[in-house]
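In C-alpha cells below, several structures.
Shared between the two complexes below is subunit A, which has subunit B as its partner in the first and subunit C in the second.
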Partner chain A sequence: MSDNKPKERKHNRVMATRAVNDAVEAYYEKCWADAEKGALTAWGEGIAYFPLIRAAGINYVFADAMSARMGARKFPYAKEAAADFGFLEETCSYARFHIGASRILKGDFPYDKSWDLKKIMAPLPDVYFNTDACSAGNTWGELLRRYLNIPVFTVFTRRVFTWGEIPPEDKHVVEQLKEMVKFIEKMTGKPYDWDKLREILGILKQSAAMRARLRDLMKLRPAPLTYFDVLSTFASFTILHGLPEAPKLLGDVVKECEERVAKGISGIKNEKYRLYWLGAMFWTKLGSMAEKFAQLDVTVVGGTYDFMFYPYPEEIDPDKPLETLAASATSCGYTLDNDNAAEIADFRLCKDLNIDGIIVYECHTCRMQSGSNHDRADYVARRLGVPITYVTGDFVDDAFFSEAQFDTRIEGLLEIIDARRRGK
Partner chain B sequence: MRIHKVKNYIVAGLDLGSLTAKTVIMDSSARILSSNVTQRGLIVDEEAAKESFKRALKEAHVSRNDIAFTVSTGYGRKIEGFGDKDVTELSCHARGAYYMNPDIRTVIDIGGQDSKIISLENDGSVAAFVMNDKCAAGTGRFIEVMSSALGVPLKDIGKLSLQSKKPAHVSSTCVVFAESEIISLVSKGVSKIDILAGIHTAIARRMYGLIKGVGIKDVVAMSGGVAKNEGVVHFLEKAIKSKIYLAKDPQIIGAVGAALFALDYAP
Partner chain C sequence: MSKIMQTFIDIRNDPYDWVNKWKGDNKDKKVVAIGVYHFPEEIVHAAGILPFGLQEGSETIVDGYNYIYPAYCGYTRSLIDMGPRGTLRVFDAVLISDICIQLVKADQTLFRNFPSLHPVLIQPSLDLTKDRNKPDLIEEYKRLKEIVEDIAGHKIDDAALKNSFKVYNKNRALLRKIHKMRSKNPSLIRARDMQAVVMSAMVMPKEENNNMLEEFIAELENKKTAARKGIPVFLSGHLCHAPKIEILDMIEEMGGIVVDDDLHTGYRYYAKDVSLDGDPIEALADRFRIIDPPCPSRIHPDNNWDQFLLKKAKEAGVKGVIILQPKFCEHQNFAYIYQKRTLAEGGMDHILIESEHEMISLEKIRTQMQAFVEMIQAKMAKGSKSKGRK
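For the complex of A and B:
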C-alpha cells in the first residue's frame, strides 16, 4: 500500500561499502598484471577451499562472483556467447556467464571493445577447481577442461550434513584436500606453504568476526544498515577473502555503522517493517532493491546467502586448516540437512532479528538454491507466526524477473503485516 | 473491517489489470453506484484507465470533482493521475470478495496475465497468498490465444467445453507449448469441444497445484475475467471438490475492494 507521491531517496547506504568495489576492481587488475608476469590464475566453483589455492600464490577467482560482476555491470556479451555455444536460458546463469566469458577471452566471440575486460573479469585460467557444489558446476568444470585444455581438480563433497560436524565417514573431504595440496604443489613446482595457509585463515577469521558484528548490529531497531549493505561487502569473502584488505574494509563498515548507532542514524529513513531474505540474490539489482525496500519503509535485516560462507568466526581454526576448510564446505547452506538449516541458519537468526515477515527468493536457474527454501521458510514462519511471500528472479539473468509481480508480492506481504498489526 | 464515517461522499476504486481496466463508483454507505470494464488492445494504459473511469462516472451521474478519494489497484495501480493511494490487488480482491459474501475464505483470481490464490482471515483481510510465476501460463491471455488458435469466439469456449464427453489431454498451460499441442490434436482429428475441455482441465490442474500452496478453506470464490468462463469454473470445481461462489460480475471484485479501501481513506 503506498501513497502516489514523488519519492525522495530513503536508503541510507553505508558509504564504507563503496571501497569494497574499488578493491575488487584492483584485485582483477592485479590478476591480469600477475598473469602477464607468468603467475598462475585459477578459476573455480565453490568457496570453501579458496584459502588452499591462495596460500600457494595462485590468483583465485570465484566463478559465481565473476558472473555476478558481469551481471551487475550489465555486460551483455557473456550471456550471448554462452547462448551461441548452445546453452539454454534455463541453465545456471552463473555457469552461462562464466562460460561465455571464457569464449570472449579466448577470442571466439565478438564484443564491443569499449568494454575494459580487465575491470570485470579475470584472465583465462591455468587451472580450474571444482567443489562439487552442484551438478551444473561439475559439467561446467568438465566443459572448461576440454574447451581451454586445462587441468581440473574436483573435491567431492557429500551432502547432507549436520551442522558443525565432519562425521567420521566424511573425513574423505580432508583426504581429498591433502590430494589437492599435492596437485597444487605439482602445478606451482614448489613445496606447499602451510604457514601462509594458517595466516590466510587467521585473516579470514578476522573478516568473519567483523561480519558477525554487522549481523549483531542488524538486530538493533532501527537497524543502522540493511542486508543490501552487507551484501555490498560480500566480495570480502568471495573475491578478497584471505587478503589483508578484507578485514580492514569490513572493519571500516563496522566502524561507520557503530558511529551511526551512536548518532541514531538508521539504514533506511523510516523503518516500519523488518524482513528476512531467504535464498540467493539478484546481483544485477542490488542498488535498486535497496532503494525499493527503503521506499516501502522496509529494512531487510538479514538473509541466508551471506550465511553460507564461514558464518561463525569461532569455528575457523588456523591450526587445523584442512579440518576448518572441510567443515566450512559441509556446513554451508545447501549441504546442511533441512532441519539443521531451518533451525540454525534461519530460525535462530530470524528470532534475534525480530522479523515481521519472510521473503523467499526462488532463483530461476538454480533449483538447488531454491528447492529447500519453501520448507525452511515454512518452519520459521510457523514458529514465529510471521507471513511469507515468494519472489522469482535469478542470480544474474534479468530475463527471469518481473518488476510488477515482484512489487505486488512484496506490497502484498506488507499489507498482511499491516492487517495483523491492526487486528492486535 | 473498518466502520465508515456517517457522511455523504463518493469514492472510486480502479482495478488497472494487465488486459482490462475496471472502475467502481461507491457511495459512503458502501453501495455500488456504477461499474465499468474496459478493454483497449492488449495492455491497459492511461487511455484505457481514463475511459473506464469516465464511463463509470457517467453511469453514476457524477463528475470527477465529486469523487472524495480514489484507490487504484492491479498492475497499473501506479499509473500517475488516477489513485490517491494504491493497494495491491491481493488485498483488494480479498476485500471485494468478502464484501460480496462474508463467508468467503479463499479467492481464486485468474486475471489477464497472472493468477493468485488468496486465503482470507475471518475479517476479510489477507492471511496468505500465492501467485503463479512471471509467465502467462494458464491465465486469461492463455485462454485468448487458445480461443484464437481454435477459431472459437472467447465468449463461447466455456459453454462449448461443458459438452465434452472425453476431454483431450493437454499437458501444458504454456502459451507457446499448448498452442503447438493443440495444432497436433487438431491434426489428429480431436474435436474442438474436447480440446477446449482439455485446455480448461489443464488450467484447473495448474490452479489446484497453486491452491495447495495456501490450502483451501470454504467458501471458495473466483474473481477476475476468467471467472466468466463456465468451463474453467466447472473443471476447477471438480479439481478442488468444492463449489465455487461467483459474484454477479466477478471481474469487478478487485475494483470493489479498491473502492472499499477508498472509503477508509476518504477525508
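For the complex of A and C:
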C-alpha cells in the first residue's frame, strides 16, 4: 500500500454513530457526579450479568470498555502505571490499562494534568464483579480487591463443552445469580428491584432488535454501512447497555442506514470485496482501519462483536431475567467449544453475508479470544469455501501492531480472492 | 552417579520416550495423560490406570502453530503441538483441570482437532469463598470419577481411592523429606537433579517411585558433600510446568545455591496430602481448598502468594528470591505485582527471570544472575540490611 495519504476518503461513515461518543462521555460524567453524591460505582469484567447490577441503581463500568476508551483516546499513562506496578507487556492489555488507571485515580501514579480523567475513566469503584469468562479476570479482580480494598463477587461459569454436547450449565449460573442479588441487596441496603431488571432487559431487547436490523442491512450488496460503523456504536451495548438512550442511538443509526439504502449510498465508495472480521478489535485504530479497508474497496461486513452482548432479541425474555442472563454467559463464543462457538457465533452470521474471505485478528494479549480463532475460522472457511488471513495486533497496546504486516496480509488475502475469481 | 538418580534423569530428559517404553512393556495396562497441577490424580490411580503428568516437550513448536497463535505459554503451545506430532497417541485419554484459560483452550483445540486423544476438561470451581465451592468441587470430582471409570471399564470404590491416597501421601512425604534434606544441605542435590526426582514422581507408577525414593533417600543420607560457595536463594514460580534445566544450571553457575522453592516441580507437587478420613471425594475437595502454597488461579482473600513467599524465604534463610516467570503466564504476572512490593518491604532482594519455550538467549539470564549475585555479595560484604528492590 502506498505511504501517501489517499486523496479522497472512501469510508462513508454513518454520522449517527458520532452521538454514541457523546452519550458515553455523558455516562462517565454521570458516574462521577453520582459517586460524589454517594451512589455506588461497580467495575467489572464481563457484560453478561450487568443488567443485574444496573437494576440496583449501581453505576456499572465495564472494565474492557474503560480500557478501550483510554486506548482510543491515546491516554499513555495507564500503560506506564501498569508497567511501573510490575506488569509485563504480555499480560492482557485491558487488565493492564484498567489497573494502571486505578493507580492513577488513587493518586499512586502521576499523569499530565491537562488530561481530564473524568472524560476517559470512571471513578474508583465500591465493588468489583467478575464473570470468570477468562482466568485473567479472576486474578484481575483479586488484585483490585486487595489494592482498592473492595469486595469482589465472582460468578463461576464453566466452559460448557463435553463430548460435543452443551450440558445445562444455565441452572448452575442462575443459582449464583440469586446469590449475587443477595450480595447486591446487602451492598445497597435495599430490596432488589426486579421490575427495574425486567425494564432493563426490555430496553436490551429493543437494542438487540436494532442490532439485528443492522445485521440485516449488512447483507445488502453493497452494504450501507461497515463493521467499523457497528463498532462505533459498540458502547451502546457495553457501557450504555440497558440504558434508555441506547436503543435510541442505535435507532438513529438504523434510520440513517435505511435512508442510505433508499438513496443508493453505500458504506464505502466501491465495494469489491466483503470480509468477515473474526476476533477482537484494535480500538486505537478503528477510524484509520475503516478508511484503510475502504481504500482497498473492502467492506468488512461483520465480525465477532456482532454476536456478543445480547445480540438476538428473541433470546431476551424480560419475564425470565436470570435465565436470560445465564444463557447469555453460557452460550457466548468464549464458553462454548470451538465448533459450537463457530456455528452459533460466526457461521450463523457469515452464511448470509456473502463474504469473500475471513480476517482472523490475533489479539496478542488476549488468550481467551485468540485461543479459539484458528478453529473457528477453519470451521467457517471450510463451509463457505473462502480463504483466511491472520493479522496480529492487540486491544489497546500499540506495541503489538505492525501496520506493514497488516497491510501485507490483507493485500495478500485480496490477491487470493482475485485469483479465485479469475479461476471461476 | 547412582543408578536411581540416572533413572530419574533419563525420565526427566525424555518422559515421553519413557512412557512409550512403559506402554510397550505393559500392553494390558492403560495410561492417561494428566495436566498435573491441581489435578486429583489419585482418582486415576485408583482405577488401576497410570496417571502420566504431562510435561512440556522439548521440540520446537512447528505444526502446533496451525492450531494456536504464538502468544500462549510454552507449556500449552507444546501440549497443542503434541497433537499433530502424535506424541499423545500413547495415552488412553488426556485429562486436564481448568486452572487457566490457556489450558482450557489447549484442551478445546485438542478436543476439536484430535478427538481420538479423548481430551477431557474438568472444571473445579475456583472461588474458594463461596459456600457452594465444596459441593461444586465434589460434583465435578464425581463427574471425573465417572469419566475415569468409563476409561477403565470398571467402577472405582472407596477402598481403592483410600488406598491410592495412602500411596500418594507416602510419595509426597518422601518428596518432602528430600526437600527438607536439600534445604538443610543444598550440596546434596543440584537444582536440575531435584527437578528430575520430582518429575519422575509425576510420571512413574507411584508404588515403584516410592521404592526408588526410599532408596534414594538412603543414598542421600550417606552422601558426603562439600559445602558450595554462593548465595542461598529461593526459587519461585513456574506454577504448572518445569523450568528449563539450562536456567537452573545458570542460576547455580552464577553462584546461586537453591535452598528452597515453591515450583511446580518442587514444593507445589507434594505440599498437600489427602485425608484418609471420611468420604474420599470430599477429602479430595478439601485438599483442593487448602491454600498452601497459594495459587493465583484460585480466589480467596488469604490466597496471597507474596506473603507466603516472603515468609518462606525468611524461614529458609536465603539472601534472595529468584522468580521464574514463564512468558505469557498471566496468573503469575498478576501475582508478581504484590510479590514485588512485599519482598521489597520485607527487605528481601529478588529478581524476575523470564523463560520461554524456545530459549533464545541464556546470556541475558547469565547477566541478570551475575548482577543479582554481585549485588547481594556487595550488601553482605558491607554488612548492610537489604532494602529490597521496589
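Brief remarks on what is shown
The rule is simple: the second predicted complex is superposed on the first by the 406 of 424 C-alpha atoms of A that agree within 3 Å, B and C clash if a C-alpha of one lies under 4 Å from a C-alpha of the other, contacts with A are read in each partner's own complex, and residues count from 1 in each chain.
The working rule: a residue touches a chain if its C-beta (ideal position, glycine included) is under 8 Å from a C-beta of that chain, and two chains touch if they have at least 3 such contacts.
Please read all numbers here as calculations on a predicted model, not as lab measurements.
When both complexes are overlaid on chain A, the residue A:Gly423 reaches subunit B alone and has no touch with subunit C. In the superposition on chain A, A:Pro387 makes contact with subunit B only, while subunit C stays out of contact range.
After overlaying the two complexes on the shared chain, residue contacts for A:Ser402 are found with subunit B alone; subunit C is out of touch. Within the superposed three-chain model, A:Asn149 lies out of touch with both subunit B and subunit C [touch as defined at top].
Look at A:Glu415: by the touch rule set out above, it reaches subunit B but stays clear of subunit C.
By the touch criterion defined above, A:Ser114 reaches neither subunit B nor subunit C. Taking subunit A as the reference chain, the count of touched residues is higher for C when subunit B and subunit C are set side by side.
Subunit A residues 362, 390, 392 lie at the interface with subunit B in one structure and with subunit C in the other.
Touching subunit A in their complex are the following residues of subunit C: 66-69, 71-72, 98-102, 104-106, 108-109, 111-113, 120-121, 123, 125-127, 130, 132, 136, 296-299, 301, 303-304, 325, 327-328, 330-331, 333-341, 354.
Put simply, subunit B touches subunit A in their complex at residues 72, 75, 78, 80, 83-91, 114, 121, 123, 125-131, 133-134. Chain contact summary for the complex, subunit A toward subunit C: residues 85-88, 90-92, 95, 132, 134-136, 138-143, 145-146, 152, 154, 156, 158-159, 161-162, 172, 175-176, 179, 337-339, 362, 364-365, 367-368, 370-375, 390, 392. Subunit A contributes residues 1-4, 362, 387-390, 392, 400-402, 404-405, 408-409, 411-412, 415-416, 419-420, 423 to its touches with subunit B in the complex.
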